[in-house]
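Down below is the structure, laid out as structure tokens.
We just call them A, B, C and D in the order they show up, numbering each chain from 1.
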Amino acid sequence: MIHFDCDYMAGAHPEVLDTIVKNNTVQTSGYGNDDFCTRAKQLIREACGTPDAAVHFMVGGTQTNSTVLDGILRRTEGVIAAESAHINVHESGAIELSGHKVIALPSHQGKLDAEEVRTYLHDFYADETWEHMVAPGAVYVSFPTEFGTIYSLNELKALSKVCHDYKIPFYIDGARLGFGLAASADVTLKDIARLADVFYIGGTKMGALFGEAVVCTDSNLLPRFFTLMKARGAVLAKGRLLGMQYEAFFQNNLYLRIGRHGVALAQRLRKAFEGKGFHTFIDSPTNQQFFILPNEVIDRLMPVATFEYWGPRGEKESKVRFVTSWETTEEDIKTLEELL
Amino acid sequence: MIHFDCDYMAGAHPEVLDTIVKNNTVQTSGYGNDDFCTRAKQLIREACGTPDAAVHFMVGGTQTNSTVLDGILRRTEGVIAAESAHINVHESGAIELSGHKVIALPSHQGKLDAEEVRTYLHDFYADETWEHMVAPGAVYVSFPTEFGTIYSLNELKALSKVCHDYKIPFYIDGARLGFGLAASADVTLKDIARLADVFYIGGTKMGALFGEAVVCTDSNLLPRFFTLMKARGAVLAKGRLLGMQYEAFFQNNLYLRIGRHGVALAQRLRKAFEGKGFHTFIDSPTNQQFFILPNEVIDRLMPVATFEYWGPRGEKESKVRFVTSWETTEEDIKTLEELL
Amino acid sequence: MIHFDCDYMAGAHPEVLDTIVKNNTVQTSGYGNDDFCTRAKQLIREACGTPDAAVHFMVGGTQTNSTVLDGILRRTEGVIAAESAHINVHESGAIELSGHKVIALPSHQGKLDAEEVRTYLHDFYADETWEHMVAPGAVYVSFPTEFGTIYSLNELKALSKVCHDYKIPFYIDGARLGFGLAASADVTLKDIARLADVFYIGGTKMGALFGEAVVCTDSNLLPRFFTLMKARGAVLAKGRLLGMQYEAFFQNNLYLRIGRHGVALAQRLRKAFEGKGFHTFIDSPTNQQFFILPNEVIDRLMPVATFEYWGPRGEKESKVRFVTSWETTEEDIKTLEELL
Amino acid sequence: MIHFDCDYMAGAHPEVLDTIVKNNTVQTSGYGNDDFCTRAKQLIREACGTPDAAVHFMVGGTQTNSTVLDGILRRTEGVIAAESAHINVHESGAIELSGHKVIALPSHQGKLDAEEVRTYLHDFYADETWEHMVAPGAVYVSFPTEFGTIYSLNELKALSKVCHDYKIPFYIDGARLGFGLAASADVTLKDIARLADVFYIGGTKMGALFGEAVVCTDSNLLPRFFTLMKARGAVLAKGRLLGMQYEAFFQNNLYLRIGRHGVALAQRLRKAFEGKGFHTFIDSPTNQQFFILPNEVIDRLMPVATFEYWGPRGEKESKVRFVTSWETTEEDIKTLEELL
């Protein structure tokens, strides 16, 4: 069986796991007050080009999104996001459970349009009844999006500018950030760090056992954040595990290497499908690929490969998603190609 | 340096870590829908003697306490707990952040008194204004308590009965459950499972990298709990890591072996201190030991051993806490003994 | 100046105010435990044909909607509502502040379509990832809607049926219920009470100083609701004021009389506009009327009449809203007619 | 029957009610954007000597306390209050429902001790684990307290200073403020306004139908407070009713006149009891009086006078509370005196 169903179905990249195993008996302080975390944070700050940024480690994506947004937003503020955003669909209402509305704007293959955000903000404050409505207190985008698409540098700049103009934080969910950076023609980690007020460098989907690293460049944005994290159950007792993994990620450029690996194989996979005459229904440059396949092909693949079924398209075809990860090999792609 | 400061300062017990390493490249479903979790849950149900219990895995203690209590309590209900309870002191107000008051009753070396709980409940409903007050919707105890003490079987039965009489769930925080069971003369895991409506079998402090296993024997108590967990950021994407660790814990009786190991060494440690004429200020039968030491002894130990300073006692003495864990060795105790 | 801007811009209907004045020095118990409330609840139960219904009095609409829905919904559930619903737009995120998502479905001139609700519910549970999404836990409609439109009896039956089929409560926001009932060809208060699981009979917009009466026919739906109301600041100390006003409303059929008065004058007002060749842009049978007027007419009316400007329609026309209330007189309509 | 059970058992003081009746048909804007509110706010600012203070009107005490504190406190902060404080006992957990812990310190006949508050704050930040605990984010006192006692000017200054030193807001619950000011030897409304960062001038218990006026002298403390009020259901649609009542209160010194009336009659009442040899068990200078009475006297009074029974004291005596209000007359006191 070859696996393309998701990028968090196995354990950790060997270099990441090794550091946990190797340091297993070392005694450290808890809650992230250890040397592994200190070093990892320093490496992240350097990679981001933000020497003064605060770095906070959390365990998973929903936890990170809801905790960061709860920290950023005033009590009655909401967050602008694309209708398809993870926080609006697949996080079980975590944002609302914290008291905040997700203000859903149209999704353009997963992406927000900066001009639409600007118009929304303009119209909001132009409405006489705005005090009776949920004020937009932040803008959320995912990079890459839930559909594998990515923003260009100019698109990110435009979003950052509209946030800046309206004095609300710009937050980037980087659950698959490494794949996004590897796929982008012009966006670097330093750009992300410069344009976002707060973002996270995803670990779980990039080859960690678990873990997400929040980077906050605005020192006033998350006051007493440790206490908020703790109160929300988002502090890992053995925080060192997060430090170890991110140290591994950022020590020998591993994080980007994994990103490039996944993206390269995804492109090969795409070519394999297209070479057989099959088409994508979303044009994704990252590690998620979306194809329209004849149902008979799907039936043929099912017993030997895992992938996600996304629903029918007419009577004889269906939409499917294939995902590569740190674990995917050239061999896997070849095997798949032969099966097509 | 020998370490006695806490029981979660190192990684995982080798048997626990091995299973993660060994199965690293195995592909499974996410979110706990994998065979490791299925087998671990089955082992736990068997160990508890509760074939129908629901088992839920979470990552840490504060997360577990606040998520379970948020699931159990009605919107305006509070939870009765000892004033010294972890949820009342060191969880950053996680219970209140979820909307619930911690109703603090006197702490008897960390323990609630069943008669005092009964009196509180009686007086509450005898008060004409009770509808204007926070209704007690659950009783929380920790086993062992934050001071290492444990309830006898009769004490647990009395607490369970008062909860039953008032139809409110009895919840046991078992962050260090293994040490408590190992130290108890009469309480078994099956007793815990029979007397509590919901409890958790702590992993983080018992030798896991992380993880807590909630056992709920009342099938109506936590409806749609997965969604609540997810909305609170308490679902681990690679849930298999929890299943693997608990499978290791419950496969060869490892969980209780670790408990017994910690307790045995704690007793040896206590004898070492008492043999030198030092006294405890709390009579703990578990892996946490509390001593009064002359300040000069403390000064002597500091450079070579880690332990927790709990504050002065008069001018020449102080209170300290020593903790054993799966990692503590006979050698460590001997070294300490020689230092005294 | 003649007033058509809204139905809560003056004090109370004289018959309502008189009872407050007349009984001012009477001493009663607080918090609604008084004879006025008891009698008013009884009158409401009789008018609804629901002898066993629970009746709760609150002060305002947003307070009522958010408190009732917080009482009905499980911790992670959301409420289905039309995109234009008051709870989704003009209540400052009150529902989200309580932790619940408003699941917005298309608005058909303010109304939900029962088939669309059914499809949403069907698709929700057909989606494999439903446990990662916000479960719909209630359906909210307003009667009349924010656009003055009303559901037919068959439409209400269809909505009630889909709720019943999916075992979720059907909640009707009756802020202007009296105007809706007066305008409806087939819906009576008894129908509302039979088809909804919980609804409220609005007072503030119907001629009370303030006040909304929640009627709950499902005795399991709002357990310990007084405490929830109190914890949300929704219990009026001098609860008698609510009892007095609703006793007045339901003693001599005043509530429906006010409804009919407002609707009759709204129809006259509409004819006055249509007689001059102006058109409505929403076909409302209730006390809110929506016209397209040439800007020059608007300019002419502004100094002598109040009404709501709803924005431009092309270059020379605009959309406006005129509202009648218990206070509107035939004279007002005539004066307006002459001005057109 | 003569009434001494509470100060909110009747309607409103005639001068307060008259303004509502007199202006019933006047049309105004809603939500407090009317001339009555504007004038009332101005009168309050003048009476407080705080020309720049923000004034917000709400309906009831629990609503006011929980909304103000939710506005003041950061997400994970708690509020320090006396154990007997209304917010800690009789508000159904409203503070916790908003996510905040009530940090209960000892009650000295209802009062907080400034030195104890200072010690708590000092010890809190001296504790290494403070980030794992609920940070105190405000101090709450009631003036008068729930036991009718009042702080001296020096006591208020000391509390204000400790808050100032720790940079946390000082909040005064003035549900019965008028009675407190009338009874105080040295505290004026201007002192309250100078020493508190935010406080409210209670209306419900002082002779209004309902209403509390929040005065906030720190302009950064409650940003976008209207939206928070609205989201919490604390905005009255016909906000004018609050403006009218407070205009009446502050136009001809009515508020203080009511305070003095209640206090004067309470003193007469106390003398009546003491003249018959009965003693108080709390030394209250305000409109609440607390006596120990022989049970036979209680039995004699019951059929002809209302008052609150506070529980037995030994076998033959009990504790009772008598309360005066704007409605109490000299005649009532004489009648009572004769009954003793």
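Following the convention adopted for this analysis, a contact is a pair of C-beta atoms (placed from the backbone, for glycine too) under 8 Å apart; a residue touches a chain by one contact, two chains touch by 3 or more.
The model shown is predicted, which means the values in this text are computed figures rather than measured ones.
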item	value
Chain B against chain A, contact positions shared by both copies (same if over half, else different)	same
Distance-maximising chain from chain C - centres being C-alpha averages	B
Euclidean distance of C-alpha centroids - chain B vs chain C, Å	50
Centroid distance [mean C-alpha coordinates] between chain D and chain C, Å	34
Rounded Å distance between chain B and chain D, as computed from the means of their C-alpha atoms	42
Contacts with two or more other chains, residues of chain A listed in rising order	75-76, 91-93, 97, 99, 131-133, 227-228, 230-231
Contact set on chain C toward chain D in their complex	1, 3, 6, 8-12, 14, 17, 20-21, 23-30, 59-64, 66-67, 91-94, 97, 204-205, 209-210, 227-228, 230-238, 240-241, 306, 327
Chain B partner contacts - residues on chain D that touch it in the complex	75-76, 78, 89-93, 96-102, 129, 131-134
Chain D to chain A touching residues, read off their complex	70-71, 74-76, 99, 131-133, 135, 223-224, 226-228, 230-231
